[in-house]
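Both of the next two complexes hold chain A, though its partner changes from chain B to chain C.
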Partner chain A sequence: MRVGIPRSLLYYKYLPFWKTFLTRLGAEVETSPLTNKKILSRGVEVAENELCVPVKAFYGHCMALRDNGVDAIFVPRVVSVEERAYTCPKFLGLPDMIGAVAGPLGLPPLLTPRLNQREKPREFKWQLIDFARRQFGRSKLDAVAALESARLAQRSYQAGLVGGKKPLDLLPNSRFNVPRSRPPAEQRKRIGLLGHPYNIYDGYITQNLVARLEEMGAELVLPEMTEHHELMQAATDVPKQLYWSYEKEIMGAINLWTENKAVDGVVYVLAFACGPDSMIQVLIEHRARIHDVPLMSLIIDEHSGEAGLITRIEAFLDMLMRKKKTAAA
Partner chain B sequence: MGNLHFMLDDLFGRLGVDYIRPPASSTRTLQIGAQHSPEFACLPLKINIGNFIEAMEAGADTLIMAGGHGPCRFGYYGIVEERILRDLGYDFKFMMLEPFNDGAWAFYKTFEALSPGLSIRKLWKMLKVSFSKARAFDRLYKRALQLRAYEVNLGDTSRTLRQAEEILSRPRTPEEIEAAAAEAMTVIEAVEQDPGREVMRVGIVGEFYLLLEPFSNFGLEETLGHMDVYLERSVWVTDWIAPNRDNIIYGYPKKDIEKKAEPFLDQNVGGEGRETIGSIVMFAERGFDGIIQLLPFGCMPENIATSIIPRVQQEHDIPVLTLAFDEQTGRAGVITRVEAFLDLLAARRRSKAGALRA
Partner chain C sequence: MNDSLRKGYLGIDVGSVSTNLVILDEHAGVLAAIYRRTQGQPIRAVQKGLAELVAELPCPVEVVAAGATGSARHLTGVITGADVVKNEITAHAVAASQVVPDVSTVLEIGGQDSKLIILDNGIVTDFAMNSVCAAGTGSFLDHQSARLGIPIEEFGDYAISSEVPAHIAGRCSVFAESDMIHKQQVGIAVEDIIYGLCHALVRNYINNLSKGKSFNPPIVFQGGVAANAGMKRAFEDALETEVVVPAHHNVMGAIGSAILAMELELEPGKTGFKGFEITDLDYRTSSFACNGCSNTCEVVRIKVDGKTLARWGGRCGKWEMRDGKLDRKREKVNR
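After this line comes the complex of A and B, so read on.
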């Protein structure tokens, strides 16, 4: 069976795990191409107007996989990845949202395991064993073995990220976002790049932001470079615990960076109409302000143009440079 | 918000709390709220910010906000609102009232802080009485939604409703409340009606705040009633507060609605997302002519529902009009769309009747 994984949303977080798991269960895994104009514009056409741009792109990726003739598309329902928290509501409803257009668009069947450990830790194991049995007819023993390899793959991916690699250096066929040239190391600024991986590392959605920043003299500091448990620990420094896991990572990163003076400035990327980000944005901007760390919020949607983006990050980096000079004088 | 203030008036009166009811939401409320809120925070948050500012202008020194545990944004509103208001330079005491189900002790402590020396027993009794009063209000409003379509003199129902509210807001003891509820209902039933009138039947579904606060939807329900539309609504304040969610006012328990939603949306996505889908199915099966879905622009659970509605519409053959509101929305645009929708429903009825005759 050829199973398609859309190169979108949680792909950037969990691809090594899912790909290894599905392959070990006997599937032939195929990913959709890098986001391009056709994928995004088709997604925008089909998806509900008010959704955020990465979810719209997800629709387009499913259509690209259909065109490539896969037998099934993998759209897991990631309800919760830790106790007492959720992911974004849109991940909770994603299989049903795609399911609602599957008929009219002629999509192949969807594989939608429900992953939920809100009530109990380590529930993923049982949910995936059940998935392997129902969808692939595999025994519990096979599933456990597949899970073990998948876990190893994911662990080595995360170790690579903590070691300073970017997701795009480690994910297959992702040679994108490579800077053409960079200023010498002593002239670089430490820029914390904050936001959801599916926006930041999707070179089409954010107009090669990663490469552009590096070309302009940014030494990037990424949330993925910090051990996950440290991020989560730092995220608890809020008046009420957040109940969105991926926003906790963002909150944890800004708390750590401001606390340790780890960055000279922060670029915070948000998708227009992103619900959770519209809330934590207030806390993040406040945090940066009281710690006197310059922060630029960059709001993106399907109409964002590269020129506007470059102008803004140029101005921001210039401002950091001036600030440093004034401080030195 | 909506008629919630009747319940809070009653409850705070019992608790002996010195409280300020902020001025009714107005264009100004929304304007100052929108000015200080994040751009794509949902409309209710923006109105809330305005309400809090106006309450402090009127002299309030303590703000209370309800909480929640997600995944909808509402549960985190309070924290964000407190931050915004403090950054604006306001000085106030802030309290979050987390839902009873998330911790009975914390729930009690919040009230105890407002009314020192309050015992759990006493609080429980007060809540019960205030709640029964709120139930009576909801019954009244539900009946008014249905009756308005049949009223002989335009505006009679709404005028009588103000009278009935007056009757119901005064009593204190359970016995008085019961008597007042009956009297208020009699008053409203006495509105002159034309039972033979042919009316359109429309179900209102969507997000909690937009459904319950007439200011946020330009008094859409009243307008629809005046266009001879019989209305039922899927969300009610007291249904929402009642921990067992048996939805006495709406008439269909939450778990039944979820069952109806299951083929289309098999997951709680926060807010009323799943209930919206389930209620559309329910109204369609009961033979309603159409559905109107109301939501704040960018509401996550409702956007998920909106994404799924085309499939529900097709499988259950029911027209759905989706109306999203933000601070830019104008009344005229909404009314035009609603009128066009009603024309469509009328045409469908005619063509169905024609098909039957043929």
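After this line comes the complex of A and C, so read on.
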């Protein structure tokens, strides 16, 4: 069976796990191409207007997989990845949203394992064993073996990220977003790049932001470079715990960076109409302000002009450069 | 070098609505300044502007260095050979701190965008730009002046003669316009409507851009919209402090860009500036859709006398070309 994984949303977080798991269960895994104009505009056409741009792109990726003739599309329902927290509501409803248009769009069947460990840790295991049995007719033993390889693959991916590699260096076929040229190391500024990986690393949605920042003299500091449990620990430094795991990671990163003076400035990318981001944006801006770390929020949507984005990041880096010059003088 | 020539620094700011050019002397004094409309043709505007600038010079000048800024800065940089091409935020901040050395807040409202720049000791420490929507910027005022049949130059005079500004919704241009029409139809004086509009734009500006930033004096208000005395007064009402509008408020971007060029400290004769003669060259721009992948990027091509001078616009960069040279590195990366 050929199973398609949309190159969108949680792809950037979990591809090594999912790909290995599905392959070990006997599927032939295929991913959709990099987001491009056609994918996004088709997604925008069929998706609910209220959604954020990365979810709209997800629709387009499903359509691209349909065109490639896959037998099924992998759209997991990621409800919760840790105790007492949820993921973004859009991830909870993703199989339903895609399912609602699957008929009219002629999408192949969706594989929608439900992943939820809000109540008990390590629930994923049983949920995925059940998925392997129902969808692939595999025994518990087979599923456990597949899970074990998948975990190893994911662990090595995360170790690479902590080691300073960017998701795009490690994920297959992500060759865009490569800087043309970079200023010498001593002139660079340490820029913390904050936001959801599916926005930041989607070179179409954020217009090669990673490469542009590097070309303009940024030495990127990414949340993925910190061990996950440290991020989560650092996120607890707020009066009330956040509901959303992925936003906690972002919060943890800004807390650590400001605490350790690990960055000269922060660029925070958020999608227009993103509910969770709109809530934590205030917390993040506040945190940066009290620690006197320059922060620039970039709001993206499907109409984002390239000029506005470039002007903003250019001015932001200029500001940091000129600041450092005077500080040194 | 000819002794009768004065040293000058050229700054060009090509924005969506206006194109501004200045020549500064070595003490950053303005020798000549031109403010003209871009009218959707940035290249023509730069060429005509340069010609007008030369005509306005009090003495012959040798351009030691040139800078370009504004949304068409890259295009301008290519056709003029500017030595420094910098974004308009940096340019505006640099210019404001030249005019008012201890400035801590710069309010700038241009044709399509508005900016708030916070400085500390002459260094930008924070800035904000309006997001995607151009509500509350110069082009909206332009549109309303055309609709009311009042020349934009007189807008400010109408506004300051008002005693009671009408309340106009400023969140969105569409709402503001329908609000204005409504007030007009119930018989409110046009002066009050115009001043009300200024208040609405100021409210919108503060809501959109300040986000917890404080407006500390001295405050400088610049950009094309600063010519409108009603806007200055509305800002002073809202911020409860004096707002300085510099003499050359409408060409501050160009001044900043000339100062940035000056900061390069180039030796005379080392500039890349192609000279005022470019006014006579025949620049042609065209664009085509690349069919290399499904992005179908729109690539812009600039030709001079039939020879391609520059190309840009593709996402992958394979068409990228500046100064007649292909960007080989990027091409290799994406092959």
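Just so we're on the same page, the second predicted complex is superposed on the first by the 328 of 329 C-alpha atoms of A that agree within 3 Å, B and C clash if a C-alpha of one lies under 4 Å from a C-alpha of the other, contacts with A are read in each partner's own complex, and residues count from 1 in each chain.
The working rule: contacts are C-beta pairs under 8 Å (C-beta built on N, C-alpha and C of every residue); 3 or more make two chains touch, one makes a residue touch a chain.
None of these values were measured; they are calculated from a predicted model.
> Clash or fit: how do chain B and chain C relate after the overlay on chain A?
On the superposed model, which is not a single observed complex, chain B and chain C fit side by side.
> On the A-aligned overlay, A:N68 touches which partner chain: chain B = first, chain C = second, or both, or neither?
In the superposed model, A:N68 contacts neither chain B nor chain C.
> Looking at A:N36, would you say it contacts chain B, chain C, both, or neither? Reply first, second, both or neither.
So A:N36 only meets chain C here.
> Which partner chains sit in contact with A:G308 here, chain B, chain C, both or neither? Use first/second/both/neither.
A:G308 contacts chain C only, not chain B.
> So, A:M97: does it touch chain B (first), chain C (second), both, or neither?
first
> After superposition on the shared chain, which partner residues are touched by A:T236: those of chain B (first), chain C (second), both, or neither?
The answer is neither, since A:T236 touches no partner chain.
> Return first, second, both or neither, reflecting whether A:S139 touches chain B, chain C, both chains, or no partner chain.
Neither: A:S139 stays clear of chain B and chain C.
> Kindly classify A:R180 by the partners it touches after superposition: chain B alone (first), chain C alone (second), both, or neither?
Touch status of A:R180: second partner only.
> Counting only touches as set out at the top, which of chain B and chain C does A:D318 meet: first, second, both, neither?
A:D318 sits against chain C, while chain B stays out of touch.
> Please provide the least distance in Å between a C-alpha atom of chain B and a C-alpha atom of chain C in the combined superposition.
Chain B and chain C, overlaid via chain A, are at closest 5 Å apart by C-alpha.
> What is the shared patch of chain A, the residues that chain B and chain C both contact?
286, 299
> What residues of chain A sit close enough to touch chain C in their complex?
33, 36-39, 175-176, 178, 180-181, 203-204, 207-208, 285-286, 289, 294, 299, 301, 303-305, 307-308, 310-312, 314-316, 318-319, 322-323, 326
> Applying the document's contact rule, which stretches of chain C touch chain A when the two form their complex?
Checking each residue of chain C against chain A gives 71, 86-90, 121-127, 129, 131-132, 211-212, 293-297, 315-317, 327, 329-330, 333-334.
> So in the complex, the part of chain B that touches chain A is made up of which residues?
38-42, 67, 69-73, 75-80, 82-84, 87, 96, 264-271, 273, 297-301, 303-304, 306-308, 310-311, 324
> Help me check something: in the complex, which residues belonging to chain A touch chain B?
Contacts found on chain A: 47-48, 50-51, 77, 79, 84-90, 92-93, 96-97, 99-101, 103, 114, 238-240, 242-244, 272-276, 278-279, 281-283, 286, 299.
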